[in-house]
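Consider the two complexes below, in which subunit A is the common component and subunit B and subunit C are the respective partners.
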Partner chain A sequence: MLVGEIKQTDEELKEAAGAGNLKALTRPTILGMLAAREAAADAGLLENMEGTGFISANTVGGMGHTEQYCLDYLDVEKEGDFMEYIGTHNCGDSTERIADYLNIKEYVTTINTACSSSANAIMLGARLIKNGIVQRVIAGGTDSLTRFTLNGFNSLMILSKEQCKPFDENRMGLNLGEGAGFVVLESEEAAKQRGAKVYSELRGFANTCDAYHQTASSPEGYGASNAMNKALKSAGLTADDIDYVNLHGTATKMNDLSEGNAIETVFGDQVPDVSSTKGFTGHTLGAAGGIEAVFSNLSISENILFPNLNFTEQMEELNFSPLSDVKEGAEVNNVLSNSFGFGGNNSALLFSKV
Partner chain B sequence: MDVYIKGLGNISPQNTADNSQFLEEIVEYNQNNLQVIHPIYKDHISPIRLRRMSRMIKMGIAAASICLDDAGLTDPGAIITGTGFGCTGDTEKFLLAMIANAEQHLTPTAFMQSTHNTISGQIAIMLNCNNYNSTYVNRGTSFEAAFQDAMMLIEEGEANDALIGGFDECTDNHYIITSRLGYWKERDIKNTDLYTAGSKGSISGEGASFFAISKDSGNNSYAKIKAVSHFYKPDGFKDVEKRILSFLEANGHSPGSVDLVVNGLNGDEEGDRVYHQLMSGMLKNCTHTRYKHLCGEYDVSSAFALWLASKILKTQTVPKSVRVENAPEGQIKTVLVYNHFNFSYQGLFLLESC
Partner chain C sequence: MNNGLCISAHCRIKDNSAALNGETVFTLEEASFTQFIKALYRDQKFEYSKFFKMDNLSKLGFAAAEILLSNADDKIMGEEVGVVLANANASLDTDVKHQESIADAKNYFPSPSVFVYTLPNIVIGEICIKHKFTGENACLISKSFDSDQLFEYTMNLFNNGKVSSCLIGWVDCYLGEYDAALFFITRNNDKKSNFESERLKSIYQNCS
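Up next is the complex of A and B:
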């Protein structure tokens, strides 16, 4: 099975996080510690977390250990080292451990809207700041590979045996991945006050629901186009202002057709550069929106667009194709990042150069 | 901005699904695992949908339907849920099948329904509602975070009304695992003796409680919600007291202006100490109530507490079964709901009569 696996073991990652002495850390927790700490350090916040909230997202919590030990947990006579993990199944567990690791107490929560989870975490962060509830947040998500999700997606027959080919006529499904992606958000005022480095402005966002099917997206991509249009509207921009769209682009037959139709609904025949970066990472589920928000911000700050790997053949139903080579020196002012999930949860984030 | 509660739907271990009743008779249990009393589901869900639904989904969809009918709401501006463990039964079903079948020949239904946002997504499909849709999964403050999100959306002008729900189910396996975590009393007690058992741990519960809120008071509101807040790992009792005080003051109140408190007492000697300190200290002049002998302890039990507070304000009656001491004198104008889960997760609601 081809997956986007992080090669280091849990122990190696724990060492890297300086958390070798901590107990009961699940893989999403450790991945999240590393990514959230990197985001906080990049923003110059590590020394003082006061006024900072933490909003994380994931889809299956500590399932990696649950699937390994659940029969042991259920055998009440049995004792052993596995008992360390018995309380880690909950989706809030990694959030709690990461918040404690970073010494965050201000505001802590966790979102699970399946594969759009961390886009919604970032959106919530912006809204909490806007509503004066926190000054700044670290927001994103983390998920690790589990047999549960591998078998789940396999039972839906949407896993590809080959490298995923988003937006390709011959796409065969998705590759699962793992990882964590976080961004630091703060109000313009607070950022200016402390002279913070600014990657972009989160200028618009939207959360809509396809309301079509529990796991499939509507063929015409209503929820997806609705999310992009609403994000544009909330930013006060129009479709022609967008320089690049980081697609959800899972490489399933259904997602790419639905999202492709939605792109044409929003952009007509003036489709900007678009790519799915899932060829690099696999589909990291609850972390995808966070990881792709980081890519989108790097596109803006480094003037670089990342290609859609493995694209060779144009999809018959669409009139546009994704960017298949890296594009350097691009003028990237406005980026849309799409994240869609089971349950019809469609979200879009719009990042703008400042 | 104040919002108004327009509808309730509560499926719990008591007879709460019928909105015309209000705890006239209490159901007594002699084991430490309280399970919901199922309503007649076909009265609330179409038979075709019902056939495919798991226990948790039935509970959630029926509670949502009862609530929407009560409020006369058909297209909520947002659907937001909070849950500790999501669709636990579906998760277990897929997980145990995966282990038993050595990862072969798995059908996807339980996997598809295992995601925590299944119920919010299913409600959207049922209503064909494309609006904002999200799910919070942050242990003991999942419901508070969901409610706060809805109130922010109304404040932002993004929605005029919303459907909010808290749900969790306790399966046999979940009960075994949480027992091993030391959550429950070792000896079976009668639920009505919860507060006098004087030992470690609580009794397990479950439920699905939904609320329709609107920015317009209209006729027949249950209550006005002034504010909701949640906080994480306070520094001991003094910090809790300080936070409750500043929560009240930020909303134009003081301990003296609160008529009644719904306390999250759960029978655990250690965890209940903070409630007792408040009841005999800062909040000593309020009428005190408690509810966990009725619904048990679970991550979103504060949704049951909010239901209780709403019914008390609307009916101006305090059922004998929830009173700590005497019946209040005069009108009940202001209610504070205070609950914590393992002390780490703390939630507050402030309500006023309409």
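Up next is the complex of A and C:
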């Protein structure tokens, strides 16, 4: 089975995070520690976390250890180090541990809305700042591969045996992945005050549902187009202003059709550069929105658009193709980043050059 | 205080009886929840085959919403309708059934069609799917019917321009015990049914 696995073991990652002596760390926790620390360090916050909240998305929780130890937990006679992991099962555990590791004492919370989770974490962070509850947040998500998710997605028959081909006529499903991605969001005032390095402005965002089915998204992508349109509206921009869309693009038959139709609803025949970056990472579920927010910001600050790997043939139903080669020196002012969850929980973030 | 909002309809389903605005629309003596809700479906001619796939909590909330909205204005814009429901037992009624299906390590068979209902907000989803409501929604958990909580949350949605009408209330169901009390809140200066926490509470207490 092809997956976007991070090659290091838990022990190696713990060592890299300088957390070798901490007990009962799950893989999402360690991945999240590394990514959130990197974000905090890049923003020059590591020494002083005062006024900084932490919002982390996660879908798998401590399932990796639970599936390893669940029968041991049930055996009352059995004792051992494995018992340390019993409290790590819930999705909030990784958030709390990462917050402790970074010495964050402000608002800390966890979001799980399946594959749109970390986009929603970023939205919540923005709303907390807007409402003056915190000055800044580290927001994003973390998830790791487990047998549970592999088997679950396999039973839905949406895993590809080959490398995933988002937005390709011959796409065969998704590859799962693992990782973590966080951004530091800050009020304009706070950023100016401390002379922070600014990658972009989170100018708009929206979350919608499409009221179509408990699990499937609507074929015409009603919720998805609604999310993009509402994000544009909240930013005071129109579709013409968008230079690039980082697609959700999981490479399943249904997602790409639904999202593709939504793109045509929003952009008509003037579709900007679009690509799904899941060919690089696999679908990292609760981390996807955070990782793709990082890619979107790099596109803006480095004037580079990342290609949609493995693309060869345009989808029959659509009139556009994704970007299949890297595009350097691009003028990237406004980027939409889409994240769509199970059951039609759709989010769109709009980042703009400052 | 008049906030320009009113309770334009309310529906109660409990003790094998369903009422709209305080008037009984259907009763079935001596019946289990399963028998009652199926008889209610037939009597009220819901004609929605997906109903039979739903779990008890969703059937209860769905039926209450159907009755509540039976006289509602046809011009409601689905994208401006919010849904705010609360209950005490989340989705435990179905969680227990799902757990029983996997309890025996040698003989287990979890069903995706049961598993999908092991979340308390699926009842909101079912109502939204039927009526094409895509406004803000929330599922709150509290020990008992809390009119202040529902009132405050709903007022916040109206005050922030998130909704132009809102379906709110209580839908709770666990091991055969059930209670649904739904209210449809709209913009209207109807003094008799002005939207207030006290009024929600009194309707809830008096319509039992």
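Going forward, the second predicted complex is superposed on the first by the 354 of 354 C-alpha atoms of A that agree within 3 Å, B and C clash if a C-alpha of one lies under 4 Å from a C-alpha of the other, contacts with A are read in each partner's own complex, and residues count from 1 in each chain.
We adopt the following convention: a residue touches a chain if its C-beta (ideal position, glycine included) is under 8 Å from a C-beta of that chain, and two chains touch if they have at least 3 such contacts.
Being a predicted model, the structure only gives us computed values, none of them experimental.
Q: Would you mind checking whether subunit B and subunit C clash or fit side by side on subunit A after the superposition?
A: Clash.
Q: Which partner does A:Asn226 contact after superposing on A: first (subunit B), second (subunit C), both, neither?
A: A:Asn226 sits against subunit B and subunit C alike.
Q: Can A:Gly92 be said to touch subunit B (first), subunit C (second), both, or neither?
A: Only subunit B is touched by A:Gly92; subunit C is not.
Q: Just checking: does A:Gly343 make contact with subunit B only, subunit C only, both, or neither of them? Give me first, second, both or neither.
A: Both: A:Gly343 reaches subunit B and subunit C.
Q: More residues of subunit A in touch with subunit C or with subunit B?
A: Counting contacted residues of subunit A, the larger count belongs to B.
Q: Taking the superposition as given, does A:Gly51 touch the first partner, subunit B, the second, subunit C, both, or neither?
A: In the superposition, A:Gly51 contacts neither subunit B nor subunit C.
Q: Please work out whether A:Asp210 is in contact with subunit B alone, subunit C alone, both, or neither, and reply first, second, both or neither.
A: A:Asp210 sits against subunit B and subunit C alike.
Q: Which parts of subunit A are in contact with subunit B and also with subunit C?
A: Shared contact residues on subunit A (touching subunit B in one complex, subunit C in the other): 155, 208-215, 223, 226, 343.
Q: Okay, in this complex, where on subunit C does subunit A touch?
A: 78-79, 112, 116, 122, 125-126, 128-129, 131-134, 137
Q: Enumerate the contact residues on subunit A facing subunit C in the complex.
A: For this pair, the touching residues of subunit A are 155, 208-215, 223, 226, 343.
Q: What residues of subunit B sit close enough to touch subunit A in their complex?
A: So the residues of subunit B touching subunit A come out as 79, 84-86, 94-96, 98-99, 103, 106-108, 111-118, 120-122, 124-125, 127-139, 141-142, 145, 148-149, 152, 155-156, 173, 176-177, 179-181, 230-233, 344.
Q: Which of the residues in subunit A come into contact with subunit B in the complex?
A: Its residues touching subunit B are 59, 61, 63, 66-67, 70-71, 73-74, 76, 83, 86-87, 89-93, 95-96, 99-100, 105, 107-114, 120, 124, 127-128, 130-131, 133, 147-148, 151-152, 154-156, 207-215, 222-223, 226, 341-345.
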